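Right after this note come the structures.
Below are two complexes that have chain A in common, paired first with chain B and then with chain C.
What follows is the complex of A and B.
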């Protein structure tokens, strides 16, 4: 997905300010940097020029959605100082069963929602758009 | 807000923000909607939330027509991450088309400002015989009924009775637990697919007829008349 398409979709949806400006700043950043591998909420807030947690979450919700798929949301499990990437299937399963199985140990992770940290990467559509 | 607070944001903390940030409560349900049923369920909860916002400010929507109201719903859904369109060409110009992240998930809504029940039925027929195919992963739809007059509950009750009287094959209806006086579900055999097609009928209360200032106005109106009569 080319940058101009993303910008045009945001313009059509017309989010209220300051959300709209923040989204456009993030789009600029994503399309002008390569090798972006791990964007935390803090990093996104800094790039987008937001200091309001609620707006940062609203922005990620919008830009990980199907209408403007700029980012993919990923998850990592931090358990006893060890970090494990979680495939979406694990969370999908956890969502349905209310249980998370440890990706390596194969045992149930207690209180798992307090140990899972979301982060973001450019979506496949964006990566393909950059290569065109 | 501190950087640390954001860096340490866990799934549990995001969920806890649900009551504070519109839409966030269902963030993960939306993200992990892997079946059509999941998709429709979370869409209905999002629609409830969007429409509840409409109902809180009916005075602002008093002059808005069907297209304007539906465009606002579309916009709100897109900001929540849905692919939502208004007036998309699917068998005709569908009022509200919502697609999921997964290919093939489709929900179509027909919007009508209530004027009479034949008009609503015309919309129901558009939805079920013109726009929808009834295929798998697209066998649910909605009637968005904007009610600008008072007594919305009576409108929905009368519409429900009107619909039940039509000769729809395999017709059945069920109550909505959350808004039983304003929402119900119907199912009937879809003409084109021959399989059950489920419709959520949503009454949106947009009546706005405040009476708080009327006595003053009436009093003011009476004044000059009396004067004229006495002169």
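What follows is the complex of A and C.
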């Protein structure tokens, strides 16, 4: 997906300000930087120039949605000093059973809700669009 | 007749990496799941199928043995004359295994906690496991780990609640013995002895070093007494030059790097995820252009497994002071996430 397509879709959807301006600043950043592999909420807020956390959440919901799939949302388990990328298999099971199995240890992670952190990466469609 | 699932239970009791067990099972086309119990539940039906049960049982034994030999080890390598090695292996086959030692009763399975508490602290040779090109002498011992666990408030009695109720959190400390499976491996064709030590993720380098020195002492004394070979472990391989070699080689993924700069900077760089390479990180890349030449003192690198599942890894762990040494020597390395001998040999081949 090329940058101009993303911008025209945002223009069509016409979200209210300051969300629209924030989205456009983020689009600009994503398409002008390579090697983006890990964006946190705080980093997204800084790039988009937003102070309001609620607006950041709204922006990520919009930019991971079907209309403008700019970002993919992923999850990692941070267990003390170690970080584990969580495959969908583990997340699906946690949603179903309310238990998260540790990918390295194979046992239940106590208090896992407080150890899972979301992060964002450019979507496959964006990466393909950048290569064209 | 031993239930083949006991081999999986043994790996779990010993806290062998579940991820490596999962990769090993995948290599053998066996079913896996997200946790130990769930995986056992998936394998159990395979052991009831007439056409598959024998192959499945054989795979579980092989997986157990290969993970015991090669998964997550601290490794030290000694160069020894091939003829001495042949004599030594022959002599060790006859007399090195301790007779009537406490670990023999359950081997290859670990002792129960009660039995382990009573076991002596010394390292004992328990068995010889031969492979095509090497003889492996299995060395068992125990070492204590300290675990900290939160004590739930509702588990306290009334008196304890009175005494400790003012605290938001109560932590219990438990000392628990762990049975360790170290290996003395003799490879006459390669002209080397390898000592591979367990517990790399549980114990610090001092604890592991003490065990290593004891095993070195046992092997050296045995070689001197049985075949008259003095100082058989006198020539060790230095892995320091491999740090630069691994960094420069374009293959694999460098996940961690420690380096110092001419401007007196000390840096330890680590990528969050396995797929990312320090060398292609823009922050690192910009730095390498600025400092011209990189003076690395430690590295971790991994590759896709040649067997198809997993990412075997080598870590050369050194302190930044090594970069100031006039004769830098790093004589141990960590070989991690190997599910089988092929993974291990592949990783060591990248270093040597």
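The rule is simple: the second predicted complex is superposed on the first by the 132 of 132 C-alpha atoms of A that agree within 3 Å, B and C clash if a C-alpha of one lies under 4 Å from a C-alpha of the other, contacts with A are read in each partner's own complex, and residues count from 1 in each chain.
Note that a residue touches a chain if its C-beta (ideal position, glycine included) is under 8 Å from a C-beta of that chain, and two chains touch if they have at least 3 such contacts.
Since the structure is predicted, the reported quantities are computational estimates derived from the model, not experimental observations.
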Open item on the list: Following the superposition defined at the top, how do chain B and chain C come out on chain A, clash or fit?
Closed with: fit
TODO: Could you tell me if A:102 is touching chain B, chain C, both of them or neither one (first, second, both, neither)?
DONE: second
- [ ] In the overlay, answer first, second, both or neither for which of chain B and chain C A:117 touches.
- [x] first
- [ ] Have a look and say if chain B or chain C is in touch with more residues of chain A.
- [x] B
- [ ] Go through the superposed model and pick first if A:15 touches only chain B, second if only chain C, both, or neither.
- [x] first
TODO: Scan A:31 for contacts with chain B and chain C and give back first, second, both or neither.
DONE: neither
Open item on the list: By the touch definition at the top of the document, which applies to A:83: first (chain B), second (chain C), both, or neither?
Closed with: second
Task: Shortest CA-CA distance between chain B and chain C [superposed frame, angstrom] - done: 14
Task: Contact residues common to both interfaces of chain A (with chain B and with chain C) - done: none
- [ ] Please name which positions on chain A make contact with chain C in the complex.
- [x] 35, 37-38, 76, 83, 85, 89-90, 93, 101-108
TODO: Please name which positions on chain C make contact with chain A in the complex.
DONE: 12, 15, 17-19, 21-22, 34-36, 38-39, 272-276, 280-282
Task: Touch list for chain B against partner chain A, complex - done: 1, 3, 5-12, 14-15, 17, 20-24, 27-32, 34, 75, 78-84, 99-101
Task: Complex interface listing, chain A residues touching chain B - done: 13-15, 40-42, 45, 51-54, 56-58, 61-62, 64-68, 73, 75, 88, 91-92, 95, 113-118
